[in-house]
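We call the chains A, B, C, D and E, going by the order they appear; numbering starts again at 1 in every chain.
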Amino acid sequence: ATLDDVKSRGKLNCGTNTGLVGFAAPDANGDWQGFDVALCRAVAAAVLGDQSAVEFVPTTGKTRFTALASGEIDILARNTTWTFSRDVDLKFTFVGVNYYDGQGFIVPKSLGVSSAKELDGATVCIQTGTTTELNLADFFRVNNISYEPVPIETSAEAQQQYLAGACDAYTTDASGLAATRATFEDPTAHVILPEIISKEPLGPLVRHGDDDWADVVRWTLNALIAAEEYGVTSANIDELVANPTSNPEINRLLGTEGDLGAMLGLPADWAVKAIKAGGNYGELFEKYIGQSTPIGLARGLNAQWTEGGLLYAPPFR
Amino acid sequence: MSDLAANREIDRSRMAVSENVAIQITNMNKWYGAFHVLRDINLTIYEGERIVVCGPSGSGKSTLIRCINRLEEHQAGSIVVDGIELTNDLKNIDKVRSEVGMVFQHFNLFPHLTILENCTLAPIWVRKVPKKEAEETAMHFLEKVKIPEQANKYPGQLSGGQQQRVAIARSLCMKPKIMLFDEPTSALDPEMIKEVLDTMIELAQEGMTMICVTHEMGFARQVANRVIFMDQGQIVEQNEPEAFFLNPQSDRTKLFLSQILGH
Amino acid sequence: MTTLTDPPKDSFRLGMLIYDTRYRALTIQVVALFAFMLLAAWLINNTVQNLASLGKPIDFGFLSTAAQYDINQTLIAYDNQDSHLRASAVGLLNTLLVAVMGCALATVVGVLVGILRLSRNWLVARIMTVYVELFRNVPVLLWIVFAMAILIESLPAPRDFRGEDAPAAMLFGDSVALTNRGFYVPEPLFARTLGDLPVFGAFDISLDFLAILAVLGAGLFASGLIRTRADRIQNATGIRPTTWYLRLGVVLLPLIALLVALGFHLGYPELRGFNFQGGIHMRNSLIALWLALSFYTAAFIAEAVRGGILAISKGQTEAAAALGLRPGRIMSLVILPQAMRVIIPPLISQYLNLTKNSSLAIAVGYMDITGTLGGITMNQTGRELECVLLLMLIYLVISLLISAVMNWYNTRVKLVER
Amino acid sequence: MADLTFVRHEMVPEQAPPATSVGPRGWLRENLFSSPLNAILTLLSLGLIWWVLSHALPWIVLSSWTASSLGECREQIAAAHGEGTTGACWAVIRERYLQLLFGFYPSDLYWRPLLAFGLALLALAPVLFTALPRRLLWLSAAAPFVVPWLLWGGSVWVPVCVALGFGLGLAALRVVSAAAGGLAGVIAAGVVPVLWWLFLAWVAAGLLQAILPFGITPVESRAFGGFMLSITIGLVAITLSLPIGIVLALGRQSNLLIIKAICVGFIEFIRGVPLITLLFVASLLLNYFMPPGTNFDIILRVIIMVTLFASAYMAEVIRGGLAALPRGQYEAADALGLDYWKAQRLIVMPQALKISIPGIVSTFIGVFKDTTLVSIIGLLDPLGFSNSIRANAEWNGVVWELYGFIAALFFVFCFSMSRYSMYLERKLRTENR
Amino acid sequence: MSDLAANREIDRSRMAVSENVAIQITNMNKWYGAFHVLRDINLTIYEGERIVVCGPSGSGKSTLIRCINRLEEHQAGSIVVDGIELTNDLKNIDKVRSEVGMVFQHFNLFPHLTILENCTLAPIWVRKVPKKEAEETAMHFLEKVKIPEQANKYPGQLSGGQQQRVAIARSLCMKPKIMLFDEPTSALDPEMIKEVLDTMIELAQEGMTMICVTHEMGFARQVANRVIFMDQGQIVEQNEPEAFFLNPQSDRTKLFLSQILGH
């Protein structure tokens, strides 16, 4: 089973994007950074107790699923949309959603367009091999307007073409649009159109048929989300472990009560390690893509359910 | 040196030399870059003369005869061939070239054309001779060099001696007034040398003006009416063959002859 | 003294399998074949097992399902409801398009550069050397992305053509627009069109186009006749009549007549909406790929051309010059016919390389066969094995066809030699 | 007719050529303005050079080396050279050049790849230069084991045990061919080492490591990246493809029909498909072809496919070398009683390989350039890395600087290699043969 | 034809012919594809014999001697060399080859090995002689062919005559019982022919069994004890040299001799 493999190997193999602003990219020291990357680190911390025990395997839109299917990676955290055919036909298990996204358009303000429906005849840049490509085709078909797709391999190239005016609009997951816009010389000259033409729940996935491993990843993600809900942060977690609170849910999460860890086949403090790796969900969000970063994404749908968002960790019980 | 031609009887009667100047070279100088390869060449050649040029390797023999049909450019002095001065004027050069035939050491036949095509190419494209006529002329000269039966073969299928004879025939097809030979036999096996020399002797007997760079001293003695000895880019001595070989004047000539005949 | 006995009768011993020349060959081959089949069986068995455990048995059925994605450049009609198979066909045609265009341009540039490299002009020869070395020693993929980046960054966007004092303007009296989305050139249109001819119900061929081809072909044939006649006259009289105007006329006049009859006119590109509309749009991805492949390959072709010309010894030129032939004639009658034999084989293998390298189209998003079948289709259906095998098969067939042409040419040329 | 005799008693001294044909003027006239057409070409060329330089130079020179992000770069350039100046942001190279060169290789271990590639170069020297002492050939023999060990690290016993396989093969050849004859010896020499490598070598290496632990820090191939990845793939592929190529070439030359068919089929197949499809096989399919559960990492898989790719080209190069050998050499070897393998080893291969060296070098250059394609399947070679670097918020938007740097790296490497192969070609041509 | 060896005194005393059969060829036939190149060859060669094979080009001389060490396969009849029949058995072939030395027209030295290595290669790898011993033997034979001082040079550095002598020494190092020569002097310049013929004469004087395809009639007269004339793949005539040259029986032989001696 994957869990045992990972443990005996002492390393977690994690598939990431070869480079996507805010979600995964190697920094100057060669350390991978980003929102997707952080999830892998959390899983590594939970399973192996060491957040740096991760091998990052950069994958492209094409190679990502094979890498996972062939066992080259244990978990794919590469802004991958949870779709029916990927889950059912390609035989993967999506363990949850770490970012609720949707496909949007960015256009230069000077174009004078305020709705995607006005894009009749426009040239649209799009990354190939993604769900966005299919969504786009559907959107224009449904609205019975024409467009010209400009397929592109990487987001960096898409951005280059868009900025030079080789395409009128650029479409991808709204998170990507925001990230891209943030690095423009003059971000204010571009608008993200109001239409979100698809649902893009991005989440980590594992191979079909290894439920134990899927549980580990699923509940690590849930632990991060729940931690935010209960106010457990990397700052106060040591304190909370040392002096368990009166909230049994928190105690169970932190392993000071019950033996949830053992049920997963992990040490009792698995969630503590995972949360300490980079912080709870909210902390990670703020650190890599939130308002304080150049990318500056608002929580939006990705707020806790208590705040009107969609994040809703099942109970730790 | 082969003296295979020695036992041939030479008919010198038709080898008269006319009074008309064929080539007039005056104070000609040539440099390769800074290297002074031909120095102060003065040479008058009359129609019907058979000149043999000899000299040590690198003395400029090839360069001299290549200047005569402007394969090389000279930088000073003048060369007048058949009344036409060689300048940068392309028309003059064309005229001279079509009146001067040249045979090279390595034959330089065109391997992609048959022997016949080799011979008719220039007449057709330069002289604008009808193809049929050109072919007839070609066959005539091929017969003269004794290989009419090879006409439809390719050069690669012929022996060296045969190839050189084709090369001679090819030049003759342009009906040149002057023939230049640059060591025509030095790339050949001994048996083949004879074939080629025989052909050249025959040409000489018909009164063709010839300038021939060669070290075949037997040929020089029998055929030439003048031998020119070059060294260091200069004409050091010229004389009739008998006098040249038996009584050389300059020390350099003596040295050279002792080496070449000493073999 | 050895006495001669009858030679021992051949009785089969096991040792003969190894030490008898007749059986040895057989033994080795049987062993090799066995090993080979074992290896093949092992690989196939593994594959089948792996696929079975993944629940993805080999199945080409996906080819007939709807592709659902759009392709921006299609030579035959296509929309996103067509099958993956048709999408692949669109890709294949795009591959062939860029390969043919590339081979043509590469030949022109390569021959030019190869000849210029031999130029007596020092500066020109140096520049050509720099060009050749620069292109040969940097990976072609880098050249492709370079070319794309240059196009995108240095040409104006369509929006720059808009407005009163637009920063960019169309060329040739508003007929050609060079933009960073590609080049827009006038398209031929016919007022009295003959319509289309459906072929196998799969795609349409314009009858106008066919008619033009036919007239052009006939014109060229007539021009050939005139040429043969000129040859004949030259053979007979030695004088070659000047016929270029006749030959030109015989090609052009009927063509012009046909065009007039069809009501030929140009459709000019025009800035409408977001883009130029009308005219032929050569996309930047196609142009970048085309230029990069051509110039990269041209560097190699230039070397072949230079080598070919150098291989024809100086002696050949001199001999021809000594016969009084003019430089132009020397080139066409003596040097080129010989150089061709040396040049053509490497030339064709460069065509092969160019065609294979066109698979790098995905780097600039040109939708060739690797981009459709080996890219989006593979990605959306998850049928890696089928797609990659099919892809290889297609390239293999193209390569073998090109090699066959090369072999045919080689044997033909060899016959002429001896 | 005038008197024909002439004797020169005083030799004409060498004179300087007329001024128009030498010196700078002569040179200009000769090389740049020898005809009106040439003059026009010269002017056009000068125009072209001016155009290129006037566009490129300011950009290259008016640049920033110190910024820590693209935005900062723009500010610095605007501050230094005035608003609206566009200049290069070389700062990204300063910050990332080590990454572009070494990928994720641990920075304290950079000496290892450097040493390894230096060693590989040294090992090549005695093969190429016959003048060097023959004893250096031991270095060449050791390099294939030492270089990978330096690159990947780990226990020293692994390469030792792998090398031992060759020793075992040789021993098997000796023993078995003495006992059971030549062909059996050859078969044994093939089978024994393979068995050893497959089943025993790893055990033995593990045992030895347990008894006598000695090793250096292991580095996973995932840490390989950048230019080092290109060189590693190229070097390993070429080294391995040499023996495979030899076997294929011999097979293709052989008159055994089935063997010939297999070899021709393989060679033509590999040469008929683009490398990118083979890389797809490496990244998508190769694991399917292996027994369920085997998993080797993507770089190894890529190396396998690139090796197969290089082998096919190598086979053709070597076939050319074999074809260039006169038949007499084979016959002389036969007449002396040398059997097939001995003749190949002692007579044919040494000569054929020597003839093939320029071809081998140019195959190497080709393969090396083609390693850039691995970026398409997500490996971080220099080109792949340039994308990852641009995925950092600071460097998003940097294009030319990265491409330019990578192109320069490749150019320097390939150009020197190609010059070197030309030198070899010249040397081989003049060498007595 | 060169008869440079004529003025050499030949010691025929040691050139006795034994009663033992060295090579027995019986009803041997060979085809190249459908072309019948050797027809019904019957030939017995005794130990110590010196056979010269001659005949027009294409008559199958080379093919015949190449059959003897199985460089070519024959299709019918038998060839027994030193008691070993040449069949498809590789072991027999190896045995025969190591007892039969062969010298080719174009020497076929191994250019990548020094002269000494050329000579020691086969002894070391085929005969399994220790290197030291092999080198001693090699030096011995190199002395015999009078070029011991060249031992450490490469073949490319030697003249043609020297190369051919090395080739002979190389064969001798295998201590063969029989030596085959295929036109060993025809690729050489006249001066060098003498060197090589001298070496061969010396060999003959030591009683080596030799079969030599050559047109050196001087050599044949002095050394051979039998001359074999072949034409169209058949042995047309064989006789002692004096009888063969002075009194040829067959018309073909006469024609051939008139051509070859008429030069």
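In the analysis below, a residue touches a chain if its C-beta (ideal position, glycine included) is under 8 Å from a C-beta of that chain, and two chains touch if they have at least 3 such contacts.
Small disclaimer: the values here were computed from a predicted structure and weren't measured.
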Could you tell me which chains make contact with chain A and chain C both?
D
List every chain that touches both chain D and chain E.
C
Interface with most residue-pair contacts lies between C-D
Hey, which chain ends up farthest from chain C, C-alpha centres compared?
E
Nearest to the mean of all protein Cα atoms is the Cα centre of chain D
Taking each chain's centre as the mean of its CA atoms, which one is most distant from chain D?
B
CA centroid of chain A to CA centroid of chain D, Å
40
I'd like the Å distance between the centres of chain B and chain E, where a centre is the mean of that chain's Cα atoms.
46
Just curious, how far off is chain E from chain A if you go by their C-alpha centres, in Å?
84
Please work out the Cα centroid separation of chain B and chain D, and write it as a whole number of Å.
53
Multi-chain contact sites of chain B, meaning residues that touch two or more partners
none
Among the residues of chain C, which are close enough to touch at least two other chains?
18-19, 24, 145, 149, 153, 362-363, 384
Residues in chain A with touches to at least two other chains are numbered 62, 66, 153, 160
Using the contact rule from the top, write out all pairs of chains that touch.
A-C, A-D, B-C, B-D, C-D, C-E, D-E
Touching residues on chain C, where the partner in the complex is chain E
1-2, 4, 7-8, 16, 18-24
Any idea which chain C residues touch chain A in the complex?
54-56, 68-72, 80, 145, 148-149, 152-153, 156-160, 180-181, 272-275, 277, 283-285, 362-363, 365, 367, 371, 375-376, 378-380, 382, 384
Considering only the defined contacts, which chain D positions touch chain B in the complex?
1-2, 4-9, 11-12, 14-18, 21-22
Chain D-touching residues of chain E, taken from the complex the two chains share:
69, 71, 90, 94, 97-98, 100-102, 104, 106, 108-112, 121-122, 125-126, 154, 156-157, 170-171, 174
Touching chain D in the complex, chain C uses residues 18-19, 24-25, 28-29, 32-33, 36, 43, 46-47, 49-51, 53, 119-124, 127, 133-134, 136-142, 145-146, 149, 153, 356-357, 359-360, 362-363, 370, 374, 384-385, 388, 391-392, 395-396, 399-400, 403
